[in-house]
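After this come two complexes, each holding chain A, first together with chain B and then together with chain C.
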Partner chain A sequence: MRVISFAQPGFMLAGAVIVTYLSAEVGFWAAAVLSVLAVSLLALGVERVAIRPMVGRPVFAIAIITLGLDVVIRVVANGFIGLDVRQVGDPWKLDTVSVLGVEVQQRYLAMFAAALLMVAALFLFFRYTRFGLAMRAASFDQEAALAQGVSVSGVFAVSWAMAGGLAAVAGIMFGAGTSIDQNIWIIALKALPAIILGGLDSLAGAVAGGLAIGLFESLVSSYQSDHLPWLGENFATVSPYVLMLAVLLLRPYGLFGTREVERV
Partner chain B sequence: MKKHLAALAACVLVLSGCGRGDESEATAPGVTDEACPEAVNKDNGCIYLGVISDLTTGPFKALAVSITDAQKAFWKRVNDNGGIGGYDVDVTKYIRDNHYSPETHNQVYQEIKGKVLALAQSLGSPTTAAVIEDMKTNKVLATPASWTSSWNFEDVILESGAPYCIESMNAVDYAVEAIKPKSVMAVYVPGDYGEDAAEGAKVAAEAHGLSFTGVESPPGQENQGGAIDAIVKAKPDLVILTAGPTDAATVVGQAAARGYKGRFIGTGPTWNPGLIASPAADALKALYWQSAPWLPWQTDTPGHKAMRETLSGVTPNDGYTAGWVWSYPLKAALEKAASNGELTRDGLFKAVKQLTSVDYEGMLENAGNYAGDPNSAVVRSSVIAQPDESAPTKVKVIKEPFVGPTAQDYTLSKPCF
Partner chain C sequence: MLSVRNLEVVYHDVALVLRGVSLTVPRHRVVALLGANGAGKTTLLRAVSGLLDVHDGRVTKGGVELGGRPIHGLGPERVVRRGVRQVMEGRRIFAELTVEENLRIGAHTAPRALGDNLARVYGLFPRLKALASRTAGYLSGGEQQMLAVGRALMSDPELLLLDEPSLGLAPRLVQQIKEIIAQINDQGTTILLVEQNASMALSVADHGYVLESGRIVMDRPAAELLEDDDIREFYLGLGAEGAARSFRDVKHYKRRKRWLS
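What follows is the complex of A and B.
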């Protein structure tokens, strides 16, 4: 569909909230798996009810629908958060481990490992499975894919389910070592500069973009007040977007995105 | 034809005149002779109060819902006790969600302002600021849901408790007595909440001859890295913290994980009972105290007892305590206006100016002087609490209401920031 889904923050929050309810009962790992499955099913349902009828409609309209979906999902998830902040019950908490003489929080290593695992799984899926190939084909040209027997509607459904599951993983990992309240969805907004920086149609670009944005923001947060105080306080908060704009000026298709060629 | 038109116009004028006559017999906006929709006392008239709060998607939803529920319970108890001057009070018909957006706040305010006598709650400073000029023009009184010192300078706002800046002065004063710090850092969220508190910490630090640093930190757990770096680098003896609960826990937990061993005192809104089970719980228990404008849920006063009885069944949370305490001044003002025989906006405004004290049923002492100037009327007492798993709201008081020397001597001649 070539639509950016703005419902991802809602799915992320939902994934984290589900784990806060289940982890005390079945443990963190089982809760995480159940949460990912539940949010995938939720995303699948959302696709069938709200997105499928919009196939063929303007991309802008579908993007706006995803914005509305995000609000609806967050309001429902907020209702389950209640009045007290909640915990995902992760095993790492704020414990640290020494890596080459540097004290690193275990949860950060877990997040990094989870990201690597997800990227590897997605890479293998898109590269070596028939359905992954079908998804790439449908993404490239829906009509041609359809003519070759690809179930484009199936591709849409699975892509939404995968997106929901991945958002749930993000929410769960964000909750590690912290607390869940109704505001955690805001961090999902930082995915936007990451994927635009990397290139919208590039998996490797999304990874590189995410790392670049995170590293840049951390460096600015740590050193800007000492070396560039004239930029004002809290410049780190806007730094991902500044970097995104700077890269877009030089490479409008992102660092690893496909250069659009238009016949004029 | 002209005669017919003239006759028609005359009829319309007569009829519309009758209409206005009927309306003028009604007392005031938000006051009706008819009973409230769910009246406890069917023979009473009805006073409608509006509630504009952050009930679904905004950042203060958790606090706002408990405040609103407490206010519903408070006014139900008023009605159960016979109402005010022959009227029940309704705070349920005109509840609106502002999503913590000034535009939405203004929109819903305009929607309900002609139907309510006053606002039982107007949540948020930027949101309330969007309508305050209209409130002044139309004498629409409101109970706030924050403690910024600028409320002490607004005639239409019925504030309760010490403002953030006074609370932070007391926090520094208490720390000076308890841990004798040499350096103070204020880590504060931008805006009236954080900046008001930071100014109070600065005033108190200067009064005690302590070094002071202010570090602004935007909201969001992921945005606390700069503040944590600053704390770990500077190692101040005392950090006065103003943030939301999850952000505060992130700062305390992460700073402790990186070796910081100083003392945090967070303003009232930095605490949430759920933090006692958070990954930062050990750090909070070791390094964190909470300052607050009044005593928590479990305190033994007639007001606290009535609140617990009326709200029986809820999970204790000091958002309820805040909503309950904030409601007393409006009740006192309505009673005064009713006894003056002027249950109108003008009458209510006049009644507020006649209040030299409010009976908070022991929940807050020496408070409720709306007749005096801000400096003489401001409440200067605070309490200090520490995390405690056995307490209902997971904090227990370690310093009963007190006024520190800095707060005592401070002249509140303008808002603190």
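What follows is the complex of A and C.
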């Protein structure tokens, strides 16, 4: 089932919110682990209730359901945030280290390390483990995967749990060291141009796409007001989507996405 | 080993495709199931392997037993664990994955014996070993068919269901597939072979069934079927005297009608 889940921003927000409540009680790290587990369970439940009955239905219908799920999860999570900003625990404070002469906040390095770790773990998982291979097979041809003895419903459940857990990690790492408010899900929305730019089914593409989108947005926000003032203020916010459109015109499958494997 | 009793299968609650099919596949034998397009051959295999659900099909009567235990209510992954593997029509390999990854997915239910089974499959298909790290979708048709069969052997099944392994292959490759089927059978795997290529199927099988419009119309040892006049005419394309014959000379529909009664 090749569906983009639009529920990721919701899961990300939920992950961050749970940490804001728990970190005062059990400390940041324990709260982070608990939050990832809780959001994975939440995603598992969501899959069971809302997605499983839709197996075999049009992809478009399922994508719209994930949009609805996103709204529901966000509304509930926002209820817990309230109108104020909430502090996520802060293991790094504002400490900085000097990397090649550039002062960098430690929390940014931690974010970067977490991203690298997740990507490496996912790469190894999909490449070498039995279940990772089964997931790739099921995404390619469900019936053929069933005939190999793969439990496709199990694959669905695990992939949702993984997606939820990873979104929670993203939310926590984003919030760590600062505070969150009701609008941080906008960050998660930028994942969309990042993965489309990189190619939807490519892990390396997601990394490259993320970096490209991030760099592009930063550059635009720094220089656009000097060089292209007629574009107006805050053009940087929409720049990722502009870049995505430009890339899609040239390479519809993204930078690293697989072209359909086809013999001619 | 496998026994199908009075099996009735309905698709979408309305289309009755199998109307009381019974057949048995004895252990260590090759049984061929012949029939024209739409006769219900693939449906029968799906009923055995548990893949009916995917196509909104249901067993409404009768049942399938493997070694005396009913398996027609089980999901496909449970049937695979019982030692039954289906090689689907049209090969259905995972085109975007490499050859070796395809084989490893075939071993999903038997991860411990992965090394042994991989060695065995590479022994049967040396060509696959040479292509191990290639993207499966770019293999030739014959190589893809070998991969599909090899993938099914990766869990060391007791019963192999082959759905039209000769489909779209050149005559020499069909001959090769036939030899491979005999070889797999020699290694102790029971085989139910569904084919449109009747001469190939009957030359490798011990016993043959002919399925027509959801009913078994013939059930004889393969050697007898090869000699049967009707089989020779309708499936082997040979006239009564062994010569090609014009359709104008034969009241085709009358001959068929006699079978259905």
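The rule is short, and it goes like this: the second predicted complex is superposed on the first by the 257 of 264 C-alpha atoms of A that agree within 3 Å, B and C clash if a C-alpha of one lies under 4 Å from a C-alpha of the other, contacts with A are read in each partner's own complex, and residues count from 1 in each chain.
Just so it is clear, a residue touches a chain if its C-beta (ideal position, glycine included) is under 8 Å from a C-beta of that chain, and two chains touch if they have at least 3 such contacts.
The structure displayed is predicted, hence computed values, not measured ones.
By the touch criterion stated above, A:Gln142 is placed in contact with chain C alone, chain B being left untouched. Looking at the superposition, the partner that touches the larger set of chain A residues, chain B or chain C, turns out to be B.
Of the two partner chains, neither chain B nor chain C is touched by A:Ser159.
In the superposed model, A:Gln106 makes contact with neither chain B nor chain C.
Looking at chain A, you'll find no residue that touches chain B in one structure and chain C in the other. For chain A in complex with chain C, the touching residues are 130, 133-134, 136-137, 140-151, 258, 261-263.
Across the complex, chain A meets chain B through its residues 71, 74-75, 78, 81-87, 90, 93-94, 96, 103, 105, 174, 177-184, 186-187, 190, 218, 221-222, 225, 233-234, 236-237. Within the complex, the chain B residues that touch chain A are 56-57, 59, 61-62, 65-66, 190, 216-223, 225-226, 229-230, 244-246, 249-250, 253-254, 256-258, 272-275, 277-280, 283, 315, 317, 319. Across the complex, chain C meets chain A through its residues 49-51, 54, 75-77, 80-81, 85-86, 88, 92-97, 101, 104-106, 108-109, 111, 135, 137-138, 151-152, 155.
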